[in-house]
Amino acid sequence: MKHGIRQLFIPGPTNVPDRVRRAMNVPMEDQRSPDLPDLTLGLFRDLKRAFRNDGGRVFMFPSSGTGSWEAAIQNTLAPGDRVLMARFGQFSHLWVEMAQRLGLDVTAIDVEWGKGVPLDAYEQAIGADHGHEIRAVFVTHNETATGVTSDIAGVRKLLDAHSHPALLFVDGVSSIASIDFRQDEWGVDLAVAGSQKGFMLPAGLSFLSVSEKALAASRDNRPKLPRSYFLFADQIAMNDQGYFPYTPPTQFFHGLRASLDMLFEEGLDNVFARHHRLAEGIRRGVRGLGLDLVAAGPEWYSDTVSAIFVPEGVDANQVLKIAYERYATSFGGGLARLNGRVFRIGHLGDLNEVMCLGALAAAEISLADAGAKITPGAGVAAAHDWYRKANAGADARLSNG
Amino acid sequence: MKHGIRQLFIPGPTNVPDRVRRAMNVPMEDQRSPDLPDLTLGLFRDLKRAFRNDGGRVFMFPSSGTGSWEAAIQNTLAPGDRVLMARFGQFSHLWVEMAQRLGLDVTAIDVEWGKGVPLDAYEQAIGADHGHEIRAVFVTHNETATGVTSDIAGVRKLLDAHSHPALLFVDGVSSIASIDFRQDEWGVDLAVAGSQKGFMLPAGLSFLSVSEKALAASRDNRPKLPRSYFLFADQIAMNDQGYFPYTPPTQFFHGLRASLDMLFEEGLDNVFARHHRLAEGIRRGVRGLGLDLVAAGPEWYSDTVSAIFVPEGVDANQVLKIAYERYATSFGGGLARLNGRVFRIGHLGDLNEVMCLGALAAAEISLADAGAKITPGAGVAAAHDWYRKANAGADARLSNG
Amino acid sequence: MKHGIRQLFIPGPTNVPDRVRRAMNVPMEDQRSPDLPDLTLGLFRDLKRAFRNDGGRVFMFPSSGTGSWEAAIQNTLAPGDRVLMARFGQFSHLWVEMAQRLGLDVTAIDVEWGKGVPLDAYEQAIGADHGHEIRAVFVTHNETATGVTSDIAGVRKLLDAHSHPALLFVDGVSSIASIDFRQDEWGVDLAVAGSQKGFMLPAGLSFLSVSEKALAASRDNRPKLPRSYFLFADQIAMNDQGYFPYTPPTQFFHGLRASLDMLFEEGLDNVFARHHRLAEGIRRGVRGLGLDLVAAGPEWYSDTVSAIFVPEGVDANQVLKIAYERYATSFGGGLARLNGRVFRIGHLGDLNEVMCLGALAAAEISLADAGAKITPGAGVAAAHDWYRKANAGADARLSNG
Amino acid sequence: MKHGIRQLFIPGPTNVPDRVRRAMNVPMEDQRSPDLPDLTLGLFRDLKRAFRNDGGRVFMFPSSGTGSWEAAIQNTLAPGDRVLMARFGQFSHLWVEMAQRLGLDVTAIDVEWGKGVPLDAYEQAIGADHGHEIRAVFVTHNETATGVTSDIAGVRKLLDAHSHPALLFVDGVSSIASIDFRQDEWGVDLAVAGSQKGFMLPAGLSFLSVSEKALAASRDNRPKLPRSYFLFADQIAMNDQGYFPYTPPTQFFHGLRASLDMLFEEGLDNVFARHHRLAEGIRRGVRGLGLDLVAAGPEWYSDTVSAIFVPEGVDANQVLKIAYERYATSFGGGLARLNGRVFRIGHLGDLNEVMCLGALAAAEISLADAGAKITPGAGVAAAHDWYRKANAGADARLSNG
């Protein structure tokens, strides 16, 4: 299908709003120009607002989110350091793998895919660690592979309950700026995000938001992993003046200015509420089609991505292929053990109700073409009912307006 | 609704493909540069292909389509000339009004809105005109206000049957490059199109495709309407060398190069077939919702726009307002006597199946919010069935591929 | 020369600032949407500021500036109306030709190319017209072909001195928004401008700013030229609500918003001062190369374009060709009788000192390659001295800053 | 200075051609789509052509060039490995610093700034290393801080003369795609480049071109530096199928396609010749102004950047500030020990003669404003003479054409 607008319903990269695309389409400029700090210092300040990180600071690395995963580890930990992690999807799996490659002593708790961070098991490990050998606790806030959101506040609570000094690392790549996230309140020490999700930018820039405690850890006397590209100290020395230790992708800064403006104009809480409202419509549509989510229960539902089991006998990859080639729609595939059994609808970023109805319509017709017995229109209808109800307040305003 | 991609389902301007937008985003250039003809001469040649006009030539005026309506008249007719026209919608009405303002002696046949060119009445008028006083016969190929397509070949047939020498003027603004149009075969003398419909460009450029006979008429000794901006002779003198008598909007030429390439890469006949396939899905969706078209019967159905009656008791303008404000979708309104009773879905240009499903989903939910009793999903489901069937050939290829 | 940035030094189209290009790169939108007037009503208001036209109104036509020439005539004059015009360059010549084609009774005074509006001859004609048969007086404010600016206030003065009621038409295509223009103060009734000059937009939109008196003339009982596309009444009826009688090129409106913002942020008087400062540098550079302007004296110097005689024995067209092909620079050519003897440097729009130095450097090297005996660097040096002096105030500020 | 086009004459980021900007302005797409390899596999192939690396492969990392510096080290070396480096400018200095931070045992030879790689000292160190303890030899091909190009072939020759197996690392960030570089012929094992220099893209992507020998080293049994983000093995596994181990910045790939097309359309050798021709004009202009280069002699001249001493008593930073604020021109500053004494003109990427004349004009006027006693126009004149002579062949063709 070469005609018309393609629908992008993967959990990132997300649709870049026209306003952001326009803002990024700038001539190159001198990365050492006297004007640059006018732009960049405001970005650093407003990124902190987006992470709800009052005390610490946010780094911007020219890298994918994976780079910030590594930056977080390299700057605060040393080979052999013991860390507590959980594995409940492809991305939490990959973070464990990185920690192992970098030489950490990883205690990785395996959890059924469809659930999130295992508070009980974490509590047990933390409670047993009287010597405070666990240097860091890692949590994937939103597991993109399964559409599962974890309880970060709960992890903080158990650390506090045990007065455990471990650093709290959070992968918020597919949650931050879309799902409620409160770095200060939850005592998160290192939070990773990427440009290409809730920040509605192309891929290529990652954000690492760090607490004062993490900064202190990066400065203390303990030896750390060898590092240079991602070294905090170099960034800090330059960032404080609005500059960077190596050539930064300035076009992203203009785009980020626009995307932060959009987020704050809407209001972060409204952004989160919109993501919830849209996601719930998708979930009701999925149920309307008689399909099941990978997420094991409502407490795990992700407001940014839904992983959906196809009916028995249907090949999820065929659904993806049909959606892509025949209906101009990109859905996410089932990763690793979910391959062939699951397709994913990303519903985050610059999105509205009618786009979600379009996603469901594309899912319906692609499933049908792939041999699933579904009722045409049933998904759209279920979402339609929800969106009308969820917008009832708006209705009232409009009819009086 | 400020978030997400807006759906544009008006009968023009249509969605400009990203490829065309990119092509148009050029620095300004010298309109007298030695390189310009490399671009423009190819455009003139390929526009003739798009109109299926081998013998004559195509003018490009910096104007809306209305400008080419006027250019057609000014260059070939004189005040007091008798012309035969028909009025069956707002745009055919406006063309009559223009002809009257310009001083032509207009015989305007009024036709029930929902039908198109009245072949019988035209035959009668032509057959009675033994003195060949009728200088020109006008037909609106696709009446954008009612979603009605007229039979141009039929008009040619009756002119030929009476060996009548009148010039044949066709308003193809919302048909050409979307609906089958054959200037040579149908003996059309002056065919008007605009950039912002099937040519998938922004508004601002109009095309006037003329036959050899129209060119001869523009050159003959009869006095014509006073004219200068739209004067054929000035255009011809410069166009033949790839230039223009006044500053042309060169950025459009780059966009037009891209849009013509897209049309020919797909193949004009495939473009027409796609428009038919997509339009038929919309019509089935409309029927699935229990709604009626303005078009009085299948012989009048337009493959570029559908005008749809809302149920009794529903205000069509409220539907439009809700769709626009709450569901990020622009539909066309009911014009003139159809105001408040009709909304229109434009389905032309850079469009695909899943966009049409999205249009129907937006129509369903907006109608429901406006108080219509419709079955949620019923429109989407009906279109879904048609698109699956219509694509069955593609299905077969895919499963074997 | 395919590499690098091309220099555009023609008197329009001018360089479109990146900010304006970005602003124009928008998806299509509904030209009847409820939001459009938020944009367009502000444009109408601010265009009046740009013309310094408090009382009347400004029309925006999808056309080149030539279209607004015609609109001005069609809406206020009738075939046979007597008008007073002057011809002192290719563009004033073409306006005379248009007036004749449209059937006006033109008294065209021929003036030596290099001078502008002949106040004496106008005074004589006006003074002799006791019966007020002259319906309109036309003046080309800035003759783009010769680089000559005329005294509009002077024409107003002589009309007033004779209490002559003729309408005053001004072609301000290459002056307005670049050179001081005061519609109200000078009693200009119809002022024409185009998007692609001082307004820093691509070609495709023209502006016609009219006084109350011109509006009254368009409404009076006298028959006018046949007209429909450019009819004031249709525009007024729709413009007052922020809409248009036919599909407008909405992308231009976004660009115009940006360009008007740029003009007002700088301040119109500063814009004019900048144009004067830059133009004077070009003129000094030209003199530094030992070349002469077509403009017959400083009272005629244009601050938007300089027409320059090449030395005897040099072919100006060869200079243009070399500049274009070898030095990536577009200059304007000598038009009509100046062909081959003159090249033109356009110096208007989004321009600064160093761009003007670049233009002179390109002129120097192209002239040398074409066989002119010039001193390399002499033009640049003369402009350098002027710009340094002209910026001395800025110097002082900088060293203290 | 807020008006007009800004001149960017820093040694990167360079001007992104409009063609590349357009190509990059794309909607986001699925980084796992079936179509992506159509694009990416061609890029991998053509990047090898740009590096003249037949045997090995090129990695694309979402990072600045500094990231690829680190990737080269992490994948082939271990903490404690002995390496030979030279320090003759800020960037060679920073690479040494990185190697030390990463735990290598660095032998860093300090060389007078203004000269490049010290072949004698290298020969001595290599010759003395009978035990082949030196694992790698590093060379900065083009030292951006001083405008000095080093003799890579010479380093290869001495390694071969001593049959020394050390890996050869080259920093080609500001040379590759602008200055002759021959990875295979010169036996370079790891060559680093960035998107924002000769490749004419924005910053944000780095290229690491590796030989078969380097790949083998990355796979051998020796332990390496801890690494994950930059791990070769992950890249290889995915790149071979046209994909990436983490979300890649796909918009860059579209831009890279365009920039590689431009490089090959011109022809790499022509690109190099153009850079030399343009650079020589800048150097002659500098001499024409009576100024000296930092580069100690012609054998060290860089064709991508010139570092220029300001006259005694002049503050180079004031020159930069004036150029930036008053003349819309960005030059590079003097780094580290050169601060205040030097300004730099970057002359690489999408550049032509007349842009270089503009750079010299801006340098002249900024120097004069900063108090330097220079002859206005003298720099432009000297470059003018050179460009005319260098283009004499083109002249001949044009006059016969």
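Chains: A, B, C and D, in written order; residue numbering restarts at 1 for each.
Throughout what follows, contacts are C-beta pairs under 8 Å (C-beta built on N, C-alpha and C of every residue); 3 or more make two chains touch, one makes a residue touch a chain.
Note that the coordinates shown come from a computational prediction; the quantities given were computed from them, not determined experimentally.
Visitor: What is the chain whose Cα centre is as far as it gets from that of subunit B?
Guide: Comparing chain centres, D lies farthest from subunit B.
Visitor: When contacts are scored as defined above, which chain pair ends up with more C-beta pairs, B-D or A-D?
Guide: A-D
Visitor: Per the centroid of Cα atoms for each chain, what is the distance between subunit C and subunit D, given in Å?
Guide: 45
Visitor: Where the centres are mean C-alpha positions, what is the separation of subunit B from subunit D, in Å?
Guide: Chain centroid spacing, subunit B to subunit D, equals 53 Å.
Visitor: For subunit A and subunit D, let me know how many angstrom lie between their CA-based centres, rounded off.
Guide: Distance between chain centres: 35 Å.
Visitor: Using the touch definition from the top, which residues of subunit C touch two or more other chains?
Guide: Residues 15, 21, 25, 27, 321, 325 of subunit C each touch two or more of the other chains.
Visitor: In the complex formed with subunit C, which residues of subunit D make contact?
Guide: Its residues touching subunit C are 1-5, 7, 15, 25, 265-266, 274, 321-322, 325-329, 350-355, 357-358, 361-362, 364-365, 368-369, 375-381, 384-385, 387-388, 391, 394-395, 398.
Visitor: Which residues of subunit C touch subunit A once you look at their complex with the stated criterion?
Guide: 18, 21-23, 25-27
Visitor: Sort out for me which residues of subunit D touch subunit A in the complex.
Guide: Subunit D reaches subunit A through residues 6, 8, 10, 12-16, 21, 25, 27-34, 61-67, 69-70, 79, 97-98, 101-103, 194, 196, 202-205, 225-229, 231, 245-252, 321, 324-325, 330, 332-333.
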